[in-house]
Amino acid sequence: MADQTKAISYSSYLQLEKLLSSQSPITKGSAAPAHDEMLFIIVHQVYELWFKEILTELDSVRSLFMAEYISESEIGKAVARLERVTKIQNILLEQLAVLETMTPLDFLDFRDQLNPSSGFQSVQFRLIENKLGLKPEKRLAFTKHAYHSVLSDEEKEIVRRSEDEASLFELVDQWLARTPFLQFEGFDFWESYNSAVQKMLERELTIIKDNPMVTDEVRQKEIENHQQTRASFEAVLSEERHAELVREGQLSLSLKALQGSLMIFLYRDEPIFHLPFRLLTALIDIDELMTSWRNRHALMVQRMIGRKIGTGGSSGYHYLGEAAEAHKVFADLVNLASFLIPKSELPELPEEFRRHLGFLYTKETEE
Amino acid sequence: MADQTKAISYSSYLQLEKLLSSQSPITKGSAAPAHDEMLFIIVHQVYELWFKEILTELDSVRSLFMAEYISESEIGKAVARLERVTKIQNILLEQLAVLETMTPLDFLDFRDQLNPSSGFQSVQFRLIENKLGLKPEKRLAFTKHAYHSVLSDEEKEIVRRSEDEASLFELVDQWLARTPFLQFEGFDFWESYNSAVQKMLERELTIIKDNPMVTDEVRQKEIENHQQTRASFEAVLSEERHAELVREGQLSLSLKALQGSLMIFLYRDEPIFHLPFRLLTALIDIDELMTSWRNRHALMVQRMIGRKIGTGGSSGYHYLGEAAEAHKVFADLVNLASFLIPKSELPELPEEFRRHLGFLYTKETEE
Amino acid sequence: MADQTKAISYSSYLQLEKLLSSQSPITKGSAAPAHDEMLFIIVHQVYELWFKEILTELDSVRSLFMAEYISESEIGKAVARLERVTKIQNILLEQLAVLETMTPLDFLDFRDQLNPSSGFQSVQFRLIENKLGLKPEKRLAFTKHAYHSVLSDEEKEIVRRSEDEASLFELVDQWLARTPFLQFEGFDFWESYNSAVQKMLERELTIIKDNPMVTDEVRQKEIENHQQTRASFEAVLSEERHAELVREGQLSLSLKALQGSLMIFLYRDEPIFHLPFRLLTALIDIDELMTSWRNRHALMVQRMIGRKIGTGGSSGYHYLGEAAEAHKVFADLVNLASFLIPKSELPELPEEFRRHLGFLYTKETEE
Amino acid sequence: MADQTKAISYSSYLQLEKLLSSQSPITKGSAAPAHDEMLFIIVHQVYELWFKEILTELDSVRSLFMAEYISESEIGKAVARLERVTKIQNILLEQLAVLETMTPLDFLDFRDQLNPSSGFQSVQFRLIENKLGLKPEKRLAFTKHAYHSVLSDEEKEIVRRSEDEASLFELVDQWLARTPFLQFEGFDFWESYNSAVQKMLERELTIIKDNPMVTDEVRQKEIENHQQTRASFEAVLSEERHAELVREGQLSLSLKALQGSLMIFLYRDEPIFHLPFRLLTALIDIDELMTSWRNRHALMVQRMIGRKIGTGGSSGYHYLGEAAEAHKVFADLVNLASFLIPKSELPELPEEFRRHLGFLYTKETEE
């Protein structure tokens, strides 16, 4: 604080005068003031404040990952900040309950007057999506248009710039591809992994065939499912298949990154993989909470406006429900569960390898 | 307590000996005990205990609605009990976070040994669905088979019986159809409502046509949407259209019940409609929380087992996601929002009518 | 919107430019920028926005209760708005988890630079307390000074004005004192209530004396407790005792209001008491959530600054813990549970009385 | 499963027949069945199931800490399990909302018939307290008696045995006292820490003296507070003072353990301290959630029974409130915040030291 003559106060620090004069209900002073409009404004402003904090964290984590070399303590920071994002997302979800105290009939009191403004115009929400790594070409048809068309020129520019920046997805992909020890002094993890997978698949097939509780029809369907499961392992085991799936838009992570994250998931109990495991978990959580938010939001919109067109002209509920599914960024990490094998079947790590994974001081205190 | 010689204790009252000896992990005592199996068992047992409480409340509410005449204080009880169900559902949702502390790899430690048992075999969950009013024929294809095929004969019988009982949906439909005052001494609510609707639709069309922020292509789409909106009002205004929609499976409530609930929604500020309004709100909440649970559960299953087959042979994640959408029971009530019109355009109630809606004592204290 | 040339947008409606430029971390641009300061600012701003919404609702409810005659539908509105306040309070509680992602060490990075600003300077929080009905003379010693001394002259004036306004507590007290039917055509509720109470007390004394599970010492203590319980009933049964308790600061509600609320609690199943019962419940909830917030906040402060002085010089944790207990506004309503008697022992209402409590239309549909 | 002839089912695995036949409301079949008694039973049974899971986790963590040598991956497991406990505690808190749907009047319908059983008789709750490390001599006066006197002989024995076992508190104390690197090759952390502390205290005194916003009276009080703060640092800096505070019951952790945890808090960004930091955080969270639960529970009890004696004869609300404060186990860890100093004033670690704290592989990849 340069100016020592004026003591800082709670109110000046938080700029409350500005903050608390930023609510101007349209219907205030009109013939029919709508009591709930203040709630509507404040809820949305709270969302935007949280969005700003989420962006602050995403930007700082992206910066950390842009470095050439990322130390363990920086991964620790990234984890803490991403976990903070999930805590905020929980609040975003829970505070829908506050907005839902406004009934559809109350909303009708001022809804038409908001036209054509719309939540689709939230620049910060678009930035969050883009910085996480939602690619423009993955957006649903409707939003591909709306996404830009509803924005002012200045806003368009801001959003477009964020498309060009390295997203968290891309940065994490690169970092994962550098996971150490995928190959180590003659120990070939992937060969061992592959053979363990084949054994597991055989065992599962037997279970399906022997299940006494299903009809033949169901069993047949399950066998077909199993064949698909077997085929799905090609995604991580075959370079060609992986490339094909990426082309088809069914996979996004690079093969190296997929292998790296699989190793982290399988050996997360080794000290060296603790933080990376929490990092991947935080990313999955963020994605899951985005999806939960989209789902809950879609339910709320349906409840508020039914099948009618939303403010701003979106087709409303239906679109939101689809988006929840299509707009996942880290789906590959979630789907990694498909490629896990039981700990008991994990290829054992060579002794020399394990020694390298422990903390140095561990070795010393053992002496 | 007849037997005064033995004082009741916390432990005997809650039958803790029985309760706390009902956990027998399969892997306990085996070569590879799975630490997380106890969590898995307890979480599921907690779910079943809550299901029992939900069924207790649903049965009591159904009983209340089976009476010839349902007094205001009984509606009050029904509301309190349904709101209790929503509080329990909130817990069901939140405690998924506990189960998610088990990672997919931890689950693999004992997952195969659970085969072919499956959550699809929860009889109480099926009873909740049936008693709420999910019709067997509305169940998704897969579950139509599984729903019965995975159950023992005794369980099948229990579930089947619940299909024949009057569901909460049916009982509420009948009660709604009896809403008083739809016609009242020459005041024709529906005629006034209809004309108000037509005015509103005209105004909305103007907004769409004048919206400067959308392309012509989008505007065209919105006009088509609006035509659908207009058409959708036929659901409550035309007997033929309503019957058709019921046949097509797009509507479930009877026309009278739809009209009754619309009246309740529109005039919920009148004392007489307070409790009915809370009742409908509680039903919508229950449905929304069921959907949220299915969505969140689907995410958790995907995270736990990826694209692989679920225990018990369900196709897992994909099925659960679809069910969330298809298995709504009170969708008609949610969609009522489509038929609301602004309070300012509501047909005014005749004075004599209003007098009948107030409490008697109000009149007296006014004197 | 007067100016039709400029279409309203999401961003202009929510005044996002203003809102999102109101965060200026002190350490930004300094030699040692503190990453978590942005979080700290935003969390507090979110609190202030919610406070504004709470004040909006409290003011509107106070207005409703200032009227000469309060109709049932206005009570309905008051209930809906107070229940909304509780939903917001839940969020205030839950979002402490976001702030707790900042560790004490992170806070140290900028804590000293905030001095002497302090959360004690939140004018809106003081307004909420005052408008609910916290009397200045009931404030704990420390805060009695701090409460004003830390504010600017302008802020002092605003807070002082709110002390003079009719608080929600006072307005509800007056409204409760007008509860109808305390006396009714020769039926003396209080006489019947009193005799039922005496019977219940006798029964409880027997239970204590016969309890086989406690030592004589404990039993003796329980008998003394019971005598206090008996004495405590004087609060509602004796005018002198009530006046004495009010003088001693142990009771705040007027005798008439206490009797009114007791009647509401005991006969809440009668239609006429439904909304009043929810109103009292909402007030108890608001008080309980304020207390929970103070408790949780005290824990967080202890965790953040330990036993050291808080920013702004408050003695911090210790004060906050005490305040949680002392600053309850609707404690009398919570303590009403002490004066309840089992439904089976409730004096029965005369038939004529019940008829007046029902809705008029009920009578007619019975004919 | 030895017996392959009988396929495992959901119902047999979860022992649902046993579980769901363990609810026998006392008032069922009586002249006045109390609808809410089922809820009351099920809520308490759910609590007991969760208690069993918490005990399972606490026992497994205690086992891990009983080992001579505790590897990093075992700390990782301990952290995951303690964090799981906090997730369960969150549910324990939130589900109070379900029980609160039962009103005091509803409870009166069966409350007397539960006598003399009481929640004080929950053996599992006592075990959780004891295994965490609540010492019998620290229990509040009332509960010191009740704690045993309300239990059956068999229950007493179980509880007493748990008092003799090594508690989590004791095991963590011992483990903390072994924190490596407190002294390291001539680097004396404590000397540097001490001098940094003295500098910080001087700065804070200046702030207090220069604060323009407080009266002289308040300033004088703050200066006294500051002297106490200065004195409080003796707790970690002076062996004599520490011993004295332990004798007085104001501190519980050994001096070595306090120093170890302080080091972990101050250098938590170093990879080696990541997991220990999360461990301490989880312990603080567990303690805070226990306190929150006691606070919320006390509020609920007050609301349910007012000032009257509780079932089982406890003095109820008042006791519970006090216990929340007195029964903290890890208060020393929370109060560590008092001893933190800003990162900028932290003694710098010698290069050699830092090298030992990093992962071995880090060094190699740097080459």
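List of remarks:
Per-chain residue numbering starts at 1, and chain names A, B, C and D are given in the order in which the chains are listed.
The rule is simple: contacts are C-beta pairs under 8 Å (C-beta built on N, C-alpha and C of every residue); 3 or more make two chains touch, one makes a residue touch a chain.
What you see is a predicted model, and the numbers here were worked out from it, not measured in a lab.
Common neighbours of subunit C and subunit D under the contact rule above are A, B.
Subunit B maps onto subunit C through a rotation of 180°, based on Cα atoms and reported in steps of 5.
More C-beta pairs touch across one of A-C and A-D than the other; that pair is A-C. For the touching copies subunit B and subunit D, the fraction of interface residue numbers used by both exceeds half; the interface is of the same-residue type. Here the CA centre of subunit A is 32 Å from the CA centre of subunit D. Separating the centre of subunit A from that of subunit C, both taken as means of CA atoms, is a distance of 38 Å. Taken residue by residue, subunit B touches two or more other chains at 7, 115-116, 212-213, 312, whereas all remaining positions touch fewer.
Those residues of subunit C lying in contact with subunit D across their complex are 32, 103-105, 108-109, 112, 115-116, 145-146, 149-150, 203-204, 207-208, 211-215, 217-218, 221-222, 225-226, 228-229, 232, 265-266, 268, 284, 288, 291-292, 295-296, 299, 302-309, 312-313, 315, 321, 325, 334-344.
Those residues of subunit B lying in contact with subunit C across their complex are 7, 69, 71-73, 76-77, 180-181, 212-213, 269-272, 274-275, 356-362, 364-366.
On the side of subunit B, the complex with subunit D involves touching residues 1, 7-16, 18-20, 22-24, 26, 35, 38-39, 41-42, 44-46, 48-50, 52-53, 56, 60, 80, 83-84, 87-88, 90-91, 94-95, 97-98, 101, 113-124, 152, 155, 312.
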